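Next up, some structures in structure tokens.
Two complexes are shown next, each including subunit A; its partner changes from subunit B in the first to subunit C in the second.
And then the complex of A and B:
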């Protein structure tokens, strides 16, 4: 077991409403430095909204988010990025006419705390990141020629190039088959091994069980359960709300 | 039915090749679907699955080979002609009109129809997907991912297809929702619509289907009863990760 981990990100009663609906409704949890945590839950449970709250794309209607002890509630997304929280998006939007390397360099140029670095340094940073995510051999290709798994890798590379201490991944494994998922898991492990804390959303339980030390289940904007993935996935409430009986049966030996 | 293939297939694809400016993607595909079959199409990203569906619905041109539907040659027929003849395509990522109502999205599936049974079919679609009943006036883009997939499948059904092709049913959906949609797909199939299911969750697809085709680099690497494909050592290693 690793040494006790210090809290890096703290969510306290985080609430976000759209109209009369609380998409995120009083969510409280801590993410320890160096942890890998998965967020799961039904479609519409508030998972992406919660990531949007952390990364500053949505303003909170209640509660507080603290990053390394200081409140970041209400800060603009670019400020939060520069404080060391990087993220990917569910729908990837790379600069399609630019190369893989140029796309990764943009993250280094504009996203990190040491922004306004010289292009040469940004490209060096891009090369390091592309090696880490397994895209080095494709650095010179136009993004438009990439397969879907490689586009997902590039999305991760762009976020990692901002040199985050916490990386938020929103369904970067959707649309991959099991073997492609296993390859992508190796990429996540490689990024995590550089000391980055990871908080990821996935519907693919192979991911949650494969890399996460902890899983948090959201349902109707609230935390339904949290704990070790194997325990959480056996929780009757989680099966009822999210996994379904068929899934539960399929997992039995 | 022998080996699950009836003597007169609904869809018959012979030595089909197709591609884009960047080069060919499909290299001589042979594939059959019987009128009552649920066929799974699996393979890695980039293997050509979506391109094949594109050719079958007239969105991508075949460069050689043939496609026949109920005995009639439909190679490179225009998309609207194929829809009239009974081919409906539920595209990857649903592709709904997000700012239009759920009802309008569904009715667009019947855009080419001039018969008087469109409203009746809408009722049938809502019976299949009761969750959509009280959301007909909502903007489609505001629905959850699972509900949007229901609208996309429903829109396909509104064309009254003989063959419904669903690309990546499970994409981004909760496990419980996937199971529900698979059950509905199987019900649609039992009620007489042939189905091609493209799916990254290979286990889900093989459990649901009668037969399966495995595409690798634009070629059919393996085909057969879904249960047999599931036991194939190569498939278990390369796709199921077992």
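And then the complex of A and C:
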């Protein structure tokens, strides 16, 4: 295995147990700087738990996570955010009492080392980010007036406003229709084009194939396969474990 | 705004009380010593409700034991003045220091709890501190005056009532100014983010533990300041008047009535509610009769009415009176529906 780019994030035997169940079981992979990688897998495969481990919301029971060469296992979430790892939540968690602009500004106000700013600068940065994700026209609205796709955009905007070097996206396309997915894909591409490494969890195959350079398949907490999306999705084990027989049959002419 | 108007009125008119001419002319509101006492109490509760708002309203942690900080402030200043013979104005600054240090210490374990668990645990701390202060002995003697309390030497200055009123009003002004600053600062945005969603706040880089403890300690400092002033104003402190459990509920009710998370709301709520408490308790000169209730039972009836008020306020105007009367759609069905929806969240 030769990585064309320097590894930014390295997972080594990452394990997280809940009682007797290993939700994440010895997961090892590297994310290169500037890459865009998709994690797929059936429900309960441990995708979100893995993201929680990376962002520090859950402590590891084994293994190590290294960020730019240094271990970040056991660090508090805010310290990991400061190092430049941003994330979104699958079920969006906007700050409900604030406007769209304020939500994004809070990301800019805290966030990574580069994002530490005064409130006035944070709001300017928020405006740039809202433009990037296509929410500029709704900046002054209350969060409660936003549609679901817009709330997902806001979730991304807040994470991008923290000026991360690595962005973890947890199913930002789930629940969107085809048109909305296309728009969201453009948004992810736009964010990636600003130089941010992206690691995204997705159920929608079109997203993985359309935007990811690499795909990692999780099943029962373990890495089943990884590589180029087209290759991985043709892997027999992946088709059986995740896509099921119906998909396998549809693929045959 | 209501609070601002009242502060302004008092600040302008209060000095007039020192003039004999005005007193003999019989300006009823300000010449009366009783009114002064009530006004000082109002200012004291403005401090406590505004301080509670920082941890309860802005950060969203329903602290039910803040009276502990009031009592610690009162006993800090009280001990330094009564036992160590410090001058009052030298002893006063230590009240907020000791109160906030205590808050930081208990905040570290306490603020790991959320919701009801935090509320109950903080209530326990509030009660426990009062008991400890009364019952700690050192070398066979009660360390803090014990059950007989602490007596402070009376401050020998002219117009004592006016002095303490101004001092308490200054503390209220400080509390309001601090809140104003918090709500415009990075610190305040972090606190609001914690209130709205603590995990989301942490992953965007808010040091949630430090921020929560900071908010708790800040609230404690302001509450302790009010306690410190109270000890010298009242000259005598004991467990009953320095750690009254009902203050816990009253300061929260004031903040809720006025509007949590706002700059002036809790202070406005303090004015309204303290006047109501004094009125119902029969302390005001403008007296009245409650049917079927004897004079002795009135303070109890007052508590009942406050309880009912709390329920009504929480259900019908969860954003406080300022929003209720200042909002566009008051007393409409949609306002009620919106309020009920927010309450049930």
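For this structure, a couple of remarks:
The definition used in the following text is that the second predicted complex is superposed on the first by the 241 of 253 C-alpha atoms of A that agree within 3 Å, B and C clash if a C-alpha of one lies under 4 Å from a C-alpha of the other, contacts with A are read in each partner's own complex, and residues count from 1 in each chain.
The criterion applied here is as follows: contacts are C-beta pairs under 8 Å (C-beta built on N, C-alpha and C of every residue); 3 or more make two chains touch, one makes a residue touch a chain.
Since the model is a prediction, treat every value here as computed from it, not as a measurement.
When both complexes are superposed on subunit A, subunit B and subunit C fit side by side without a clash. In the superposed model, A:76 lies in contact with subunit C only, and not with subunit B.
Look at A:227: by the touch rule set out above, it reaches neither subunit B nor subunit C. Applying the stated contact rule after C-alpha superposition, one finds that A:177 touches subunit B and leaves subunit C untouched.
Shared-chain residue A:95: touches subunit C; no touch with subunit B.
For the pair subunit B and subunit C, the model built by superposing on chain A gives 8 Å as the shortest CA-CA distance. With the contact threshold set out at the top, not one residue of subunit A is in contact with subunit B in one structure and with subunit C in the other.
Put simply, subunit B touches subunit A in their complex at residues 22, 42, 44-46, 92, 144-147, 168, 171-177, 179-180, 200-203, 237-241. Looking at the complex, you find that subunit C touches subunit A at residues 184-186, 189-190, 192-193, 195-197, 199-200, 202-209, 261. Residues 55-57, 76-78, 80-82, 86-87, 89, 93-98, 102, 105-107, 109-112, 115, 118-119, 158-159, 162 of subunit A touch subunit C in their complex. The residues of subunit A lying in touch with subunit B in their complex are 41-44, 90, 145, 147-149, 171, 174-182, 203, 205-206, 241-247, 250.
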